[in-house]
Structure formats: C-alpha cells, structure tokens
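The two complexes that follow have chain A in common; it is paired with chain B in the first and with chain C in the second.
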Partner chain A sequence: MSVLTRVPRRRRRGALTPYLFLAPGLLLFAAFRLYPLLDGLRLSFTNARLGRTQYAWVGLANYERLLEDTRFHASLWNTAFYTVASTLPVLAIPLALAIALNRGVALRTWLRSAFFFPFTLSVVTVGLTWLWLLDPVVGPFNYYLRSLGFPVRSWLADPSTAMWTIILTTVWWVAGYYLVIYLAGLQDIPRELYEAAAIDGATGWRSFWAITLPLLRPVLLFVFVTHIIGSFQIFGQVFILTQGGPGDATRTAVQHLYETAFQNFFHFGSASAMAWVLFAVIVGFSLLQFRVLRGHTEY
Partner chain B sequence: MSAIDGAVSRRRVLAGVVGAGAVASLPAAVRRAGAQAKPTISYWNGLTGADGKVMDDLIERFTRETGIRIEQQRILWADLYAKLQVSVPAGEGPDLALIHTIEVPHFASDGVLEPIEDGVAAGKGFRSDDYLPSTWQGGLYQGKRYAIPLDVPQHVLYMNTKVMRDARLVGADGKPNVPGSKDELLAMAKRMARGDTFGFAIGTVNPGKYTWGFQNLLWQNGANVYTADLKRSALADPAAIEAAEFFGAIHAKEKVAPPANASCRDAFIAGKLGLWIAGSWNVTGLRDAKVDFAVAPVPRIFKRPVVWTMPHQFTFPKPKAVDAARREAAWTHMRWMSDHVAEWTLKAGQVSARRQPHADPRITGDPVLRTLLAQAPNWQGGQPTPKWVAAENLTRPMIETVYIGQKPPQAAMEDLARQINALPD
Partner chain C sequence: MVVLAGLWLAPALWVVVTSLKPTPDIIRTPPEWIPWPATLEHYHEVLLSSSRTARIGRAFLNSAIVSVGAAVIVVFTSAMAAYPLARMRFPGRDLIFALLVGSLMIPGAVVLVPQYVLTQRLGWLSTYQGLIVPEAALTFAFGVFLLRQFFLTMPGELEDAARIDGANAWDIFLRIVLPLSQPVLGALAIFSFRSAWNDFLWPLIAVNRPEMFPLPVALAMLRGAYSSESYGPIMAGAALSALPLLLVFLVANRRIVEGVRLGGVKG
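For the complex of A and B:
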C-alpha cells in the first residue's frame, strides 16, 4: 500500500494549494528562464545558426573551440579584471557615503536623492553622457584639465586607462543604489550598541570595525554577490563607451557572446557554449563568496 | 441621481458620441471604399536619422496617389538585420525591406531574401542599363538577383572653411584648397594640426568604427579584404599592409588625426578638424549645425581615387506564402520611389543609383550633390561574400590597434587575415 492512500484527501488537497498559488510564477519561470537555459545547453552541443533550419550535433566542438579562441580568453580576462578592480570602489565608496549620510549631515534627503539619481538613468544615457564628457577633442573633461594645466589624454582610447574609465563611470552610475541599501542596513543597527561602546571608550574607528562592519555583513554579502554577478555580465557601458576597444582592451565576455550570437553570423551554438562557460564561472565565484562571507554576527 | 440613472445617461452619451462619430466619418468611409481593394504593406528600414522624416513625407504622398498604405517599422540598422534574421524564417518578415548592399550576400545565402527574376524586374521597369554598374551588381549574389538599388551613401571629403582659412589654406576666392595627393594632404593636415585642432581624419561618426575609412584606403591601393575568388583573406598582401601603414601613421606618428574615440563629427562642427573623409549622410547634420564647409571628391591617396560606397537596396524578405496583391503593391512602391528618387536625393542628400535623375537641374545645381555624382565612376562597394559583415566586425578592433600605434601594421594585418580565414562557414 502506498503512503499516499493513508493521507486524508483533504490534507492532500491542502498540500497542493501552495503549488497552485505558485503555479503562475513557476510557469513563467519555466517558460522564460528554465527552458531557454536548458535549450541553450542543448544548442551549445550543436552547430546551430539562426536562419538555418537544419543543424547537426557537434559534441564538445564548440567548447573545444573556446579553448583556442584567444579573443574569448582576452574577454574573460578583461571581465575578471573589471570585476576585481571595480569591487573595492563599489563596496567602499557607497559605504563611506552611507555612513556620512547616516550621521545626519545637512540636506540628507536631498543628497540621498542626488546620489541615487544616476541609477535611475538607463545605461545608454549614462554611456552617451560620459562618452561626450570624455571626448578627447570636444569633451568638457579634457577642456577643464587643460585649462588647469593638467596633461590630457584620450581616456577611453588608451589601453592603460580605458578600463579604469569604464569602472569610474560604473561607480558613478551604481553608487547611489548601493548607498540606499547600505543606509537601510545601517539604520537596522541598534543605537544602544554604539552608546555602550562609547561608554567603554571606543572611538569612531573602533566602533566601525567592531560594530558597524560585522553587523553590516549580510548587507555587504548582498552587495558583494550582486555586484560580482553584475560585473561578470557587464556589457552596456562597454558597448557604448568603447565597443570593446581600443583593440580588444575592454572587450568583455558578454560582448564577445553577443557579437557571436547576433553580429557575427548568428552562431547560436558557439554563443551558447560561451554562455554556459560564463554561467559556470559566475556560479563558481558566487559559491566562493558565500563560503568566505557566510556567518552572522549578533550582539 | 441614482446609479441606474447614471448608467442610462452614460449609455446615452456614449450612443450620441458613437452616432456623431459615424456621421462625421461617413464621407471618409465613402472615400475609402474605392481604395478598399488596395492592400497595406509592411516596410522595414533603418532610416532613423533626418532621412526618416523625408521618407515619411514621400510615403504619405505615395499613399495619397496610389491608395496603397505602408506600415513602416524604423529600427536601427544593426537591430533591423538581427530582426530580419529572426523574423523571416518564422514567416513574420515584412513585405519590403531596405538593407545595405553588404547584407545581401549573407541574407541571400541564408534564404532570408526572395530571389528576383530578371524578367520580372525588367517587366516592372527595372533594367540594368538604367543603373550605375556598381550599384546594380550589388543586388546580385552568385549570379542571382536579390535586390534593387535605391541610393548611394558614400564617402566624400569635407573641408572646414574656418580651420583651413586659419591655416591659410584657402584660395584668393576664399574657397578651401583641395589636396591632390597623399603628400599634399599630409602637408595641409600638418599645417592645420596644432593644440586640440586636427588636420585630417578618415572615418565615421561613431567611435571605434574605423573600418569603412580603412576599406576606402584599401580599395584605393588596389587591395581588398578577400582575394578575387573570395576564398581567403588578402589583408596580409603588401598593398593592404601599405594602406594600414598610412592609417596607423596619421594619428600615432604624424599626429594630424584626432585621438581614437573622438567624435570626428563633433570635432568638425566645433572647428577642430580641417579635412574629413566621411559619409555623405553627414551633410544634413553639418548644414543644420551651420558649419561653414565645402566638399570635394575623396582625394586620390594611393593608386586610384576609389570612393567607398554602401548603397541601399530594396529587398523582398521571403514570406511563407507570397500574397500576390501585397507583392504587387511592394513593386508599385519601389517603382514610385525610383521615379521620385530625385526628391529623395534633394531632401535626404543621397544620390540615386538610377542614372536618370542625375541630369535633374535641381540636383546638378547643388554643389554637394554635384560632387557626389562626380564621384560615380570611382564608386566601389564590399565584396559579395556572406562573410563580409563578420570580417568587418573583426577588422574594427584590429585596425584600431594600428590607429593608436599599439600594434605594427604588418603584424596586425597578418593577424586579421588569420582571423578572417578562420571564420566558420
């Protein structure tokens, strides 16, 4: 006799109810997330090209080709560089701003809105604005640098500065978003802890290290993980600011993938293989982060 | 007032509105009855600039005259091509699409475009004799016709009168001197280049897109991206390397061209660029910006004064089943547009692929259009291989490294040829 027959019918119906409520969301998730994901995995083992109805199973050939694709390697390296180099500014600058705003500086609400404003802009607007600001000939950035007697350069066309410039524009764009998250986290920390620390003679730095930072850990983990995942997917800013240039100096993995899929002959098979490699890298990094930053501090 | 009263009165009001509307639209409905048999066709194009408005006006006139309605979808060119590639196999393509010549081979080879029988085209009044050869040839892929040319976006030399006057490079009549050779061009560019003002640039508005300027140099030197049999890349040949060397010298060595990533168009408008070889589609924008400029044919920098072109072509994306009435309506539009192409030229600034309007006094009277027409014997376009666009995408980053002096021209060209040869089928 199966287990199910012993469960009263009403209880069984009750057990189904949450799934019925979840069904619309799950169906959408399955249709628009799970199916493309798995179909992409299937395509990565084929020589599928958009526009051709017939394609063949090629086994691991697309993955093997990636091992020899030096531009893909360069793109992955650039993506990793961007991710590592942008992490500290993205974690630290909004945190510093949030701590300053949390201390009740004048015009706090206004400043919070001002910092958040860039994040409300689309990546195209941000990209085009900075492209103009940084134009080496007619851009205001170089104009003021020149008039102040500083040396000027073509920030986005110089391989040594292009990626750093993209990082700068990204920090400007997303800092406000992380600032709001940090502020929410800071306001969750009980004030009594700071008062108690002050009575014990703790200075600002000491209470920051001993109270603020440990209690902000879940928020930091959230910011850290979402930033790393977002960094591995960086595309919009680069596409508008440099198109991956100069040369391939700022070419990223997603740009390489996009061009393979949509500009370079619609090679969906190769592009799907790239997507799965990128997916594996992101999952690997995320697991590593959770391992490093797991744990919870309470007082 | 009760709820029921309210409902009734609302219904009365609605009935009144609908009735009044019906009466008001009666003459229009009667007028439309005669045109009811005329189909509506869908037409996709990438005319997202000022030329889009010109096209709207012409299409409005076309509808007034023929009764055929056109539903346009205007999408950025790059997105348009991706959309065609996705929609057409699914049977969701438009009745008519305007594309660039270089897109014809890969769309034709992928079965996205419907072949056009020469007899059918001739029956509609489209004959090769009426067109300039390079544009008519651009509609062919492996001997079959897939497209009918409309107009010829092309390179031209823009000369900034103010910058050239400041460098004393104008004649007694105040008109800018025109460079006649590579040495003359470089000498003039050097005289103009100082501080943040540059003497010469070759390329498009968009940053990073140096490819078309480089192709122009390549073709002038008798070189090309592929060998004549289209089987392998010819970019490692000495003539191609020589073109790359010049491209690398103008900024990295001679310092006469603006830094990479600069908007040449903005620099030209701001009076910080003297000579600029760029697309004819910039004319309208420069005129709107009230820049004092003149144009001249693209100078002969290498062996031949070849002018880069990328004509627009009318195509029929392959439907699941041809609707005879809609196909006929699309032909009617192509015919009407070709017959009225002089107006398109005058307002949108692109000269026609068809010869007949070239004698129109309104066109020959315009100095810019006259210059564009004078270049016609030197027009050249991309090679008819499905891999052309993919090769172009590989060229941009590589030629950029040459431009900024990061990679020696020969090594870059050899690398690029290798990459192009490795492109999958």
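For the complex of A and C:
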C-alpha cells in the first residue's frame, strides 16, 4: 500500500490518465459481461424466442413455469448431486498427489507435468477419449477390469454409474491444475514447522492435521470455490459422454438451458429465467461458504 | 508415484496409439499398445477429407485465429487496466476493482442467451470477432486480477526516476512496466490462449457455418459424422487438437506453473 500513497496527485492535468488506461478493458467488460447479465434478467420476464424480433412482457410467467418443469428440477438435482459428489475427490486426490510430490520425489517436475497434461485438453477431447476407453464392448477399460476379475458394465449407459463415470473423467481432467496450486501452497509452508513438530514427536498424520491442513486453508478455500462455481455449470462432459442420458440421469442445468434456448424450444425468456435461478443458487451458495468459512480462517 | 503418473497418461497415450492403427486393428482385443503396422490414414482423412463435417484442418486454423486474437486483446486490455489499479490513486478505483473481482463469480452460462442476442444484433454470428471478443471479455477480469497482483510487487524507484525525467504515465507503462512484466504477461497469454482454444459452449451456439467451427465444435461434429466403430479418425482429430497446447506446455512449463501459482495462491 505504501507504493500507492507515494504517487503524487497534485497536478490536475493527469486526473484523467487512470480512466484512459481503464477505458478499453472496461468497455469490453461492460458490453460483453455486465450488459448481458442485466439483459438476461430483462429477457427472463419476456416471451422472447430465437429469431423473433418482437416480444412481450410476461411478468413472472417464465419463473412460474419453472416451478412445474420437472425436467428442470431433475437437472438441478443432478447438478447438485454432481457438485456434492465430485467435491471430495476433486479436493482430496490432487492434495494427496501434491503432498506425495512435495516430499521431494525424483523426477518431480516430470511427474507434475504428467498429471497436469490432461488439463491442457479441451472438454471435447477429454470426453471423446473416455468415450473410447469406456466403450462397453471393445474399450480397454472394461477389458482390463474383466481380466482383473472385476464386474464390467456399460458405465455410461447405466443410470446408477453414469454420473460417477462423468465425475471420474472430470477428476482426470482437472486434478493436475489443482495439484499445481496445492504444490505452490505447500511450498509456502516453512519447513521449520515440520522439523519442530518432529522434535515434539508429531509426524505423518498428526503433522498433516496440525500443520498442513490449517496452513493450507486459504488454498483449499480457493480450490473449493473454483470447483463449486465450475461444477454448477457442468455441460461439456455430459454433452459428449451421455447427452444427459440414460433417461435424464445425467441431465444438468446448463444442458437443460442450452436445449431450451438453442435446440428444442428456442425459448430465450424461459432459458434466461433458468440462468437467473442458477445464478441465484451460485451466489447464495458462495455467500454461505464465505460466512461459514470466514469464522474459521483465523488462528 | 511413477506408476500412477503412467496410469494418468495412459488414456492420452491410448488416443495416440489408436489414431495410428489401421481400422481393423483398432477394436481388436486384447488392447495392443504398440500401433504396428502404423498408418497415417486417419490423419490424412480428417485433415484433407472432402466431407464438410470432417474438415479438421480448417477448424485448426479457425481455433488458432480466435485463440491468438483473444490472447492479444486480453493481454493488452488487462495490462492497461491493471496498471492504474495497482499504481495510481483515483476516485472509484476500489469500486472498479471490486466489480471486476466480483464478476469472476458470474458463471459464463448465465450470460449465454443475452450474449447470443447481442452478438446476433451486431451481425457477428459465425464470425471471428463474434468468437474473439466475448472470449476476451470473459478472461479480462481474471487478467486484471493476475496482473495487478504482479504490478503491486514492483519496486517504485524506476517509475519515480522516469517521472522526474519527465516521462508521462503512458511512457512509463510502455517502457518500464511492460518490459519488467514479461513473464507474467506470458503466463496470461498462455492462459487466455488455452481458455479460448478449449472453449466449447460459446462457439457451439455462436457459429452455425461448418467452415467457421473451431476445433472443439468440429471434433464434436466429427463424432456424429462417423459410426461409433470408427474411432480412428476421431482419435486422430483429438490428438491433433491437443498438439499446440502440448507444445506450448513443453516449452513454457515453468511459466504456466508460475501463472497458476500467482492466479490461485497469491489471491
């Protein structure tokens, strides 16, 4: 902060300068982020459709219809299930990997790169890769499971495993990204703390609970929030792997929104109402998280 | 650990192996991990095939134009915006910064429909600018956040010296701040290139002419164009789409890690 206060602000001539620097970016931001956000709210109270230039104000009709739209309810429920069920693996697996790598294993950079690599792929590439691996008849996944004596099935066609399979592919995709974040966080923890703990006889799990986890809390919070916001918007994996099937077992909120607006009904008003419901859920959830977690971040 | 890392890479390796096998060998069990005899027929097919849906070559070019365009815009607008936010005092500064950071919470899916309406009204559907500008707007706030973190840590002496020599803010920005920030600007460029290269949902709706499809959309269409047994061409397309970022990643590994670190941890 001292850097900021040192800048002299006596001359009138330079008063516009900061705004000129900000102008191009803020213009971009206002036109393509802020305006669409508010315009979406407006559209959600209309009967706008794709390709129709005139539309009317319909009040809360779109929101009322959502109350009766059972497929929307199912998609919200699936999104919530995915979000909750994927959180533990997405938080814990990269953390375990990061702690193992942080012990100073040989080839650390190479191993980190190996885990990070899937994150450089697009969701479509990830989806197609797993579609082929999981092919129920000729895919290698089932072949190796069978030869190890495990039961096999059509993982993506079975309603009881489809969502878990999508979670598996997501973990494979994003784990390396969170691993890198965790590693950076772990490296900021002073070694002396572990040495002191070791002298007191605390090693392994005890030092993990007493040192690593508390000091990593800001990083964990970041990973948690990032993952939750991303999870509420899951679309690509589902679009490629299951199209929401079998039945509606993996239909998600964004997929339902996409189909309502651009595939089946071209109903922009209704889709905008869904978007705002989803937005409200995310905002509510974020506020709740900060309230719950804020109380615990001071030690 | 090494075994686990190997397992982690196995799916990606399997894609490459599959793409190099002649069609009859692909579905043979047990799985063969050495593609011998190898063939490039699938690459030839997806790159040069005349079928409209299966033209990955053009999609590759589209993706390159869009991703480079978005990265250039993001780096310049974010750097220009982050500089006064980090190094100047003016009314509204904290409010603007809070607005930008808060917007990181806005899910992209929420603005999907109105952004489509806007893009349509501008006549930008199925155009490069219709992909580049929204992509850049999406990453801009993150870029400001990342660069501001970095600008805050720069020592003020060089700026002070330049100011005494009569340099104005623009000179200082161009001649001192930008050159000193090359690593973090590089990290941001890679980050925004990656997010534009891999984005799927926006191009899926904003482009309806096949010759304008970027790679992820073209790949998704490729899947529909072949029967499910034809994994060869699909996997060749998947491998090709991964190539540019793999190269960037191999060359700039440390820079990417540093960027992730700055964006994630220092926040």
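By definition in this document, the second predicted complex is superposed on the first by the 274 of 299 C-alpha atoms of A that agree within 3 Å, B and C clash if a C-alpha of one lies under 4 Å from a C-alpha of the other, contacts with A are read in each partner's own complex, and residues count from 1 in each chain.
Here is the rule we use: a residue touches a chain if its C-beta (ideal position, glycine included) is under 8 Å from a C-beta of that chain, and two chains touch if they have at least 3 such contacts.
Bear in mind that the values here come from a model prediction, so they are computed numbers and not experimental data.
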item	value
Which superposed partner A:172 touches (first chain B, second chain C, both, neither)	second
Touched partner set for A:33, first chain B, second chain C, both or neither	second
Chain B versus chain C as contact partner of A:52, first or second or both or neither	first
Which of chain B and chain C A:105 touches, first, second, both or neither	second
Dominant toucher of chain A (residue count), chain B or chain C	C
Touched partner set for A:276, first chain B, second chain C, both or neither	second
First (chain B), second (chain C), both or neither touched by A:262	both
Which superposed partner A:117 touches (first chain B, second chain C, both, neither)	second
Touched partner set for A:232, first chain B, second chain C, both or neither	second
Touching partner for A:130 - first (chain B), second (chain C), both, neither	second
Those residues of chain A which chain B touches in one complex and chain C touches in the other	131-132, 135, 137-138, 262
Contact footprint of chain A on chain C as seen in their complex	1-2, 4-6, 8-9, 11-12, 14-15, 18, 26-27, 29-31, 73, 76-78, 80-81, 83-90, 93, 96, 100, 103, 105-118, 133-134, 136-138, 140-141, 144, 152, 156, 160, 168-169, 173, 194, 197-201, 204-205, 215-217, 219-220, 223, 228, 231, 234-235, 238, 241-242, 245-246, 248-249, 253, 256-257, 260-261, 264-265, 267
Sites on chain A touched by chain B in the complex	49-53, 131-132, 135-138, 142, 146, 153-154, 156-159, 242-248, 251, 259, 262-267, 270
Contact footprint of chain C on chain A as seen in their complex	3-7, 9, 14-15, 17-19, 21-22, 24-26, 28-29, 31-37, 39-40, 43, 48, 97, 100-101, 105, 107, 109-118, 120-125, 128-133, 135, 137-138, 140, 143-144, 147, 172, 177, 180-181, 184-185, 188, 218-219, 222-223, 226, 229, 232-233, 235-236, 239-240, 253-254, 257-258, 261-262, 268, 271-272, 275-276, 278-279, 282-283, 286
Sites on chain B touched by chain A in the complex	78, 82, 85-86, 88-89, 106, 110-112, 196, 198, 207-209, 258-263, 266-267, 270, 272-273, 386-387, 389-390, 393, 396-398, 400-401, 404, 406-407, 423-424
